[in-house]
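Take a look at the following structure, please.
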């Protein structure tokens, strides 16, 4: 490959990393919009810490656990040492990855993905989980759990060898976050006042503009998430991925629009927003394998799934998930992964079975890991804030501040 | 062209598409900031749907109506079939468009523009239009009206043959949206309480931070809107467009700053914000033809126009436009299109006349189309919410939710 | 250099300019979130004007004052004439800057940096400074002060000749803004009610979501600020800069997290946000010279500095800085500049002394310039709003509007 093509490829992966970075603002906005005012600072604080913890732990061990190289791994696990060390000399950096991008580019792009799993959990456990326990959960989950299952496919492990396909992470990122969220809300329990003898209480979020900004930011970032996963600036491949990604998102909105109207007889903004996200999660596993028509079908089905799944988790399973993270990331993540065996260039019964094996294997490992971890934290540190703190809100109890202070200090001191 | 240059060109158009995408968040933020709290969810819902409807209809028929190719069109209209089908083989995709970008890239960049027209209407009809009728209007307008006049110039139709020039859409995108907005607010009427026997009531928007975020997002996206319209990564052309675009926006702010201070004796944030947008709309038709000095003059005049136009529509014509969309997109869109005949490399009386012909032809077609469409909707579905719903706000009446819920469910059930 | 590499290099600097542009939204959001509700429009107005004034004055004289070329300068000052004029012919544009990017690209990237200094001042003087005086201060400061010290290093002046190093502007941008902020708040005095006989009053900001959005936008933009300062798309250099920038930001968050917890026994969101910014400012002087470990240490120390510096300015010096701009930009700017002599590829006692000379020389010039300017404005125009306006808030007194209007005009006219 010549120098100029190398430069363009490398540039695209770097820009894709920037786009994935801003998804962390997307999650912070979405999740804080969907919770009550009194728990807003807590969400913002958690999301500021998650990206920071994620980058540092991925630097320290995650990257070398997920991509240990053949020498330092078997099919199930590997590790090539703490920290980063660029292959020697400039040539080492440039010839890395078949000349598509440098060692540093590879690290920063992958690092931006790593923290996403924990961000998904953040929304599901909102409004009741202890901050300190959540940060420890994030630290362990992002350092160990995410890179191990990531290695199974993207690092060249046993699922990759079998033929499991997950282009940009419907399973490796989204359902992994979703399984962890599911384990956590099962152990943590519902918010006070959510499920009572008088019925199920809807708890509306405090800011729809914030939630909408979040979803648009996530869609914006998804161009890098999926487009960057081509791992080069290959013109046909990246542009096809842009088209399938966008059409699936749009179809997800339309699917959720009609389904939620039929179910609730109203035009529910949060369902349309989650429909967009469901479409995006759904297309992620096969964004490079689908035609536009396939993408529309996958997205529309994801959009239809969203309101049904939200109602199922909330009313049937009575699992309290304030932002719908399990429906968006777990259910649509599974759907998108299986869809690779149903639609597009790879569709076949054999592939469908491989997809199912991947979903089950990664799901089982992640769920058990997260369930054990959150249970250990429950027994040791405790995972739930005291009831009076939940009533006051976590902003005051954990952070000693309000999201929207109305204090006017001039008057505090002034004699009127 | 060699592979590496092709890759860089294609990459830039894709990144430009991402930047144009985020303009939809810009519009959603701007418009929701400029309406009252009680109609916020409605705006956010409409804007989430518009981009989704726009992408899907442009996929289904808009793209092939706007760019049918010579074989399937005369100078006024053409159509090359439903859906997308990439020219056969990878070479087809790569050799498409003189090797500057792929077929998919062309589609996704153009598709991002398509929904913008309806977004402009969304702000103008805010706070009183029925959601269902608005969505039908969007569907028809984006599918049919926008691509037909788009074809006249960008698709190689009769205005292109005559010599009309519109680099990135002062007319084809912005004034088209502005004409449709004008037709709609004429048929729809003013908001309740706006024009009464007691005088004209100013109705301030509920969130200036949201509006400001929107304007900065729009400016940010405009680098892709204008810069991507070079249709390659040509270094001199794209960088000149960046310079003219930015200087016009800055001059628009300064023009509106002084004019609104002279008119109102106050420093009106909404005028400065709309001045920036006016400058951007104004430079769009000739961003590649202007020197920096030309760009500053065009932008400054657009900024001076804004407060005068807003007052003219509001107080003289008594046309109620909550966000100033007609002043920004229609008036400054016309100004910018005519300015191509006055300033810069193409300035001449002959060119000015061609610009005028384009403005009038596209304006007449669009206005009549939109006027008929909204009138048909008025007679059939109805276009206005009942008066009591307008008082309650569309968030509750159309969506059964509030933008900023203050419900604290803990207390809803708790015995105090 | 071949055409394709030139295209890719030029494209990256343009995209970097777009990223730096959005930092102005970051500052607007951060600063408005950290002030009281009643002064929000004022911040948004100032930040909309600063970028506009900055672009126009940099076009008019700043660019040619900062980069006059050898012929038109000595080591301390130079000027090559008003306005922009591209070197003749397309070849002139292309061969400019050793073929890395065009003349227009150079201007727009540098212009985006120029307004940043004044933006930093904006936050520090919030809630009490007269708008008109602030705008005049911005005009003079951005036109003259910033480009002169910028010339000393980046324009090839005496500090550059000595060996002072400042990769992307820890000193040339951030500490310059910080010194000006310090001079202004010393002359301006504290907000009413801040320091009284009854003690020091904490004045919490009115919107933590807005502040958090601002910090994430700034981090997002910093990829362009530091990454673009490579001045080409060189794959190894740009990707290393991305890695060091991100790790320093993350370490800044962690450093501020622990330090503020030890100091205040609470999890203070504003400290973690400022810790991220401190880490970013700190790495900026040497982002291309550091290993990942160096970057983490520099960022962590910056994060540790933040809460201590904020307390020192607030409680010891009694200098009222509503957003912590002096701690983030001045103190961490100095720290980052000195760190180039302590860590990384350039570390040596000689280099440390050069760094110190640069910090002192630029600091002295900027502080004296800003102090004289603000004092002249104090004597002539006045720099402080009347006390009753400060109590009412600047939104009403300077702009005649509210940030969050709750007026419902239907009711204003309706007879109930």
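Should a chain be cited, it is by its letter among A, B and C, assigned in written order, with residues numbered from 1 in that chain.
We take it that a contact is a pair of C-beta atoms (placed from the backbone, for glycine too) under 8 Å apart; a residue touches a chain by one contact, two chains touch by 3 or more.
Just so we're clear, the structure is a prediction, and the values are computed from it rather than from any experiment.
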| query | Draw the chains as dots and join the ones that touch; what shape do you get: line, ring, star, complete or other? | reply | complete
| field | For subunit A placed onto subunit B, the superposition rotation in degrees, Cα atoms, nearest 5 | value | 120
| field | Proportion of interface numbers common to subunit A and subunit C (over half same, under half different) | value | different
| query | subunit A to subunit C: how many Å between their CA centres? | reply | 32
| Set of subunit A residues in contact with two or more other chains | 2, 4-5, 7-8, 11, 15, 207, 213
| task | Would you pull the subunit C residues touching subunit A in the complex into a rising list? | result | 2, 4-5, 7-9, 11-12, 15, 19, 36-38, 191-194, 196, 198, 201, 203-209, 212-213, 215-217, 219-220, 223, 227, 233-236, 238-240, 242-243, 246-247, 249-251, 253-254, 257, 264, 266-270, 272-273, 276, 292-293, 296, 390-391
| task | Could you please specify the touching residues of subunit C with respect to subunit B in the complex? | result | 2-8, 10-11, 14-15, 17-18, 21-22, 24-25, 28-29, 32, 40-41, 44-45, 47-49, 51-56, 59, 83-84, 90, 93-94, 101-105, 107-108, 111, 131, 207, 210, 213, 398-414
